[in-house]
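See the structures that follow.
One chain, chain A, appears in both complexes that follow, with chain B as partner in the first and chain C in the second.
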Partner chain A sequence: MEVLTSLFNVALLVAMLRTTAPILLVAMGGSFTTKAGIFNIGLEGQMLVGAFFAVLGSIWTGSAWGGVLCGVAAALVFALIFALLVVTFRANEVVVGLALNILAGGMTISLMKAVFGTRGSIVGQGIVGLPKVQIPFAREMLGSWAPLISGYTPLVYVAFLAVPLLVLFYRRTRLGLHIRVVGEKPEAAEALGISITRIRYTSSLLCGLLAGLAGAHLSLGYITMFTENMSSGRGFMAVAILIFSNGDPLRVLAGCLLFGFADAFSLRLQTFGYPSYLILAVPYLVALAALFALSYRARPKLIRETAETMRRFLSAEPDKPSNPRPQ
Partner chain B sequence: MSLRLRAILGQVIAVAFALALGSIVILLIDESPIRVFTTLLRGAFGDPGKVAGTLLQSTPILISGVAACIALRGGMFNVGVEGQLFLGGFAAAVVGFGLDLPTGLHMLVGLAAAILAGAVWVAIPAYFRVRFNTNEVVSTILSNYVAILLTSYFTIFLFKRPGGWSETPPILTSAHLPELFDFSRLNWGLVIGLVLALLTAWYFRNTPGGYSVSMTGSAPRFAEYGGVDIKKRGFWVLIASGAVGGLAGGVETLGVHHRFMEGFAPGFGFDGLIAALLANGSPIGTILTALFFGALRSGSLLLETDTAASREIITVIQALIILSVSAQVLLRRRGDAQGGERRWKF
Partner chain C sequence: MDPVSRPATEPAADYAVELLGITKRFGAFTANEGVDLRVRRAGIHAIIGENGAGKTTLMNVLFGLLQPDEGEIRVDGKPVVVTDPSVAIRAGLGMVHQHFKLVPSLTVAENVFLGMEIRRNGLIDHRAQEEKTRELSERFGLAVDPTERVGLLSVGIEQRIEILKVLVRGARTVILDEPTAVLTPQESRELFSTLRGFTQDGMTVIFISHHLEEVMEVSDTVTVLRRGKAVATRPTSELTKAEMVRLMVDRDVSFERPARAATAGQNILSVRGLWARDDRRHPALRDVSFDVRAGEIVGIAGVAGNGQTELAEVLSGLRPASHGSASLNGQDIVTLSPAGVRAAGLAHVPGDRMVRGVDGNASISANLIMGRQNRAPWKKGPRLDWKAAANEAAKMIQRFDIRARGPGDTVRRLSGGNIQKVVLAREFTNEAPFLLIDQPTRGVDIGAQEAIHDEIMRQRAKGVAILVISVQLDELMKLADRILVMFNGRIMGSVDGDTADEDQIGLMMAGIPQGSVEAAA
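Up next, the complex of A and B:
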């Protein structure tokens, strides 16, 4: 019983929410590209350059937010290259994504050596981490449960707020609807005069934005350092989640919480003396198991639902001609 | 022939473009591109020992490249060569120090164990790929992490060598792959790789089975109409690819390190995939691209000591090469892609 209470307590939940945040941010980013019909295996690389440039920017500007800005900018550049090659040149998504991941790995290590003259990791050097947000009156309202909602770094809140925002975005906004149409029925989008190119660029850049934030959270959030390949497969796990959730924000959240839990739980187990190599493999095994277990269900087609929304949407806006004008 | 010549020319131009981009990156990190490239050349081909070193580095890249080629031809990505290589290397090492067999036979059993390990490791992703259409890119990538951690665990906790080394005991000499020269560790692994590449090319070009694999990859509906069971074919293609990936690890263990250790072959699997992509899935072409990447790798050893650049700069160059190749292939055939149908969606 004592073992159980020391395993499962508020601290575990808090740790779970903390470890969920980076993967949730990057998966929410990937939700845009998934919905737009792009298979974005390059999330890992975008996250990695985000983490590296966040550290670099934080040192240059002396402020954590300057760092976040730099990290996001770097991830956006990668997202732009991805979109340029995949959308404009119609190159293979997997090849481009993998190449960008490899580029991110090599580039961050090379730059680390060029700028700091070190290998392995950047620690100290004046990196400014993100502040912790204290929610007022949290302690009064929740007592010992207060750490559940208060005391995280800002990007954790951003990650969890992104979920309802994305739900609304896909259901209620024109851009969200366009992204869904482009992903599910490109021909229909074309017939409606939606520019597939523009929508795919937009969703790729939105994805880069969130992936950059995820990277910044990795290197400036709870630990303020950068290490080689510090994204350690989180981007790939996010892609696994996106596959079985089909990019739906709520299901992405569920998947990410599962990983956050696996991560936090395995870190907890490590303190009980289980060999760390096996423990480290747990999140990947969970990802694989979930991918395999959930993929036997055919992917639900949302086309009918989208067609319905589209019709309502179009009838609400009569200024947009829904059929070509007769000559 | 002229079509093929034009294709090769296109790849060469893409490589040149990537090298130009790479030079800009090198300038950005305050180093002279000329110095970096001459150092790379010197490190790769400076003397016979260095040439042998280049060939030694090319061997696992070549075998992993053939593994990737097989999957690419069948229309799939085996991004898990890295993990198969680690498991193959580990299995070969276990046979190498655990069994006591006559010379020659011991080596063959070791290689067979490596092949088996690679094939078994890819079996689950392969099954789910053909049965439930589970994206094999993600499942094989994730299984890499598991494979690497798992082999590290076995090495450190189960077969720990006394004295604190994180490596298995050395394999018996009866399991060693014979060396080709006395001045280098270059061994018969290179010959195995070359023969394998030629055999694979022959298989794809001259046999009905090879043709059906190519068709399963490039025109699955046509293949199915022609009577190919594309699910079964796809499964065995991935299994074959994984088996060759395991072989790459076995050759590395039995030929070079003579033991399995943590991080024993970092990135060879990925280099092999890149080499196969650059060769456009052709096993013969992979021989050339594997040599190219082997030369880059072996040249990069000098980079750390002789220049301010780190050896990962070659990773950057490789990635740039693949990016420019992926762009130019489709520039050339942009008309074909106008339908916008990409097969690599989940």
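Up next, the complex of A and C:
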């Protein structure tokens, strides 16, 4: 019992919300491209350059918000290149996305070496982190539950506010509706004079905007530093969530909370002295389990075909006529 | 003989739309060559012709989806350069495409107003859109529920939504591309009365079809296209069906039901109480039972999407059944894989040939041995004998009159009719006792249709049990010994092919069971 209460408490929930925020931000960005019918595997790279340039920007301008701006701008440049190659030149989305991810990884490392002369990570050097937002009266109203809503860095609030805003965006705005149509039935959009190219560029840039914010949150949020490959697969997790959820904001939120929880939970388990490499696998195991559960629909046929193949190989004497081929 | 090629001397305002000397080329292929088309205001003008005669190209030129290489377009007497569909829409044209361009997850009203949403304070005003849609649908007798999701509606209603889309954009001339292909005879008649209502309102209708009876029934004027040229424009009342066919294909074609000997033998396929679900997990087949005997053609009629696809998929092992049985030659096939069912004696001509019929990027030889590549004479030790395959393919090309450069020709390059012949050539030479043919002549022109029908009759004479699924009722009435009508996953009744009556079948296609039909008759 004591173990359980020390595992599951307000601190765990707070940690979950904190770890959810960056995945949620980048996944909300990916929601735009997913809804517009683009399979955007480049989220990881956009997030990474966002994180790097946010650090660079905060050193240059001496302000955290200047940093955020720089991070977003860098991610937007990546998103623009992605859209240019995929939408205008019709290159393969996966190839372009992977190439940009690799570029982001390599570029941040070389720039780090060129600008700071170091490898590995940038710490100190005058990086300004984002302030924590204290919600007034939170402690008076919620008592010990106050950390649930107060004391996060601003981008955490942005991430969670983005969810209802996106729901509204897809349901009630013209651009949101057109993004959905372009993704679901491009020929319908074309016939009605909705420009598929324009919509896809727009959604790709909106995606870059949120991916950049997610990156800035990584490097200027709770820790103010940049390390090599700092996004560490969050962009890919977002891609996985987007595939399950089809870009639907509420389902994206549910998926992100699941990953956030698994992440926070594995961090918490580490303090209990389990081997860390096992614990670090927890979020990925959750991903696999979710994948399996959600592919349920495709399974009856799969099972049937597997069973038949097995039967054919296992039974020497099939219960059917041995020569079924008709003449 | 050819009044259309004379320059217009009468006042141009008589015409809602004029296409003058339209030529459209795709590389070396000329789809439209100097086509003149003048459409009278407040009339229904039909454009007929075989597949590939250039009907759809011509309408795409008019609607701005294609740019003509030569020629001029006039709307209401004024020259218009239709650079894209929005220009056409502004000029008062509206097009109802053959393949509906509706978004399944949106509501009827959202689809109708897509691209011209009514907004209040920057947000879409769903209520106003629904109100306007309701108003318009009542005015033109196009009953729809504006709040319903399009994905749940039938094709007939989808078409009404497409027409509403055109009307809401202020079209005065409505172009319909093969509008009745997906409708029951009754729904078609409703559509025609809506169209006549349009002309009474002073609107103009252009109607593309290759269903000649409808053209006779509904149109005032007919233009016949043949190999890209307008060969005649006449008042409909001056033409007979046979004359239209002669103008379309330049020779006589028989619509007669071929004579046949009673050859039906023992049951080959027995389906009992079959249930299955569609991709959305809704029941698509409900308690379906029937038999197909050797030397018998059984036809499945029905509006597309009433379970025919699922039936074909269950019988060919592509979809699991939820209940019931189907036995082929006494062997239960519902639990078998596609390969298993084929081994049990099925040959299958799928409904969508590009998806399941052929590999478009492979050669004709490869496509002809697909699925039986492990048999002699194509299998030689561990490898395939491509020379034997090419020899076989050359024979098939001859026998089935496949128009291609040779056995090595890529299938994708062929026309729809010739691709269909590749599929038929493979399946008909499998010597299988049961032949499942889904849409034998979809997108195939009249000349090739006849050849395919002849081949099906030859298979019947050889004692093969044949199940033909088709949305073209006249095709089933020509071929089938018995016609079963499907509606909403059920078999509504069965009629004898010799005495089949279109109205009776039409009622069953609309969901009125056979018993009540006979009571009403």
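In this section, the second predicted complex is superposed on the first by the 296 of 327 C-alpha atoms of A that agree within 3 Å, B and C clash if a C-alpha of one lies under 4 Å from a C-alpha of the other, contacts with A are read in each partner's own complex, and residues count from 1 in each chain.
Rule of thumb we're sticking to: a residue touches a chain if its C-beta (ideal position, glycine included) is under 8 Å from a C-beta of that chain, and two chains touch if they have at least 3 such contacts.
All values derive from a computational prediction rather than experimental measurement.
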| item | value |
| --- | --- |
| Chain B versus chain C as contact partner of A:K132, first or second or both or neither | neither |
| Most chain A residues touched (candidates chain B, chain C) | B |
| First, second, both or neither for A:I194, with chain B first and chain C second | second |
| Contacts of A:T173 with chain B and chain C, given as first, second, both or neither | second |
| Contacts of A:K185 with chain B and chain C, given as first, second, both or neither | second |
| Residues of chain C defined as touching chain A within the complex | 84-86, 89, 95, 97, 99, 101-106, 110-111, 114-115, 117, 119, 122-124, 126, 165, 281, 319-320, 329, 331, 335-337, 340, 343-345, 431-433 |
| Residues of chain A touching chain C in the complex | 168, 171-174, 177-178, 180-181, 184-185, 187-189, 191-194, 297, 300-301, 304-305, 308-309, 320-321, 324-327 |
| Residues of chain A defined as touching chain B within the complex | 37, 39, 41, 81, 85, 89-96, 98-100, 102-103, 105-107, 109-114, 119, 186, 196, 232-233, 236-237, 239-240, 243, 275, 277-278, 280-281, 284-285, 287-288, 291-292, 295-296, 299 |
| Residues of chain B touching chain A in the complex | 25, 28-31, 77, 79, 124, 128, 131-135, 137-139, 141-143, 145-146, 149-150, 152-153, 156-157, 270, 273-274, 277, 308-310, 312-316, 318-320, 322-323, 326-327, 329-331, 334, 337, 340, 342, 344-346 |
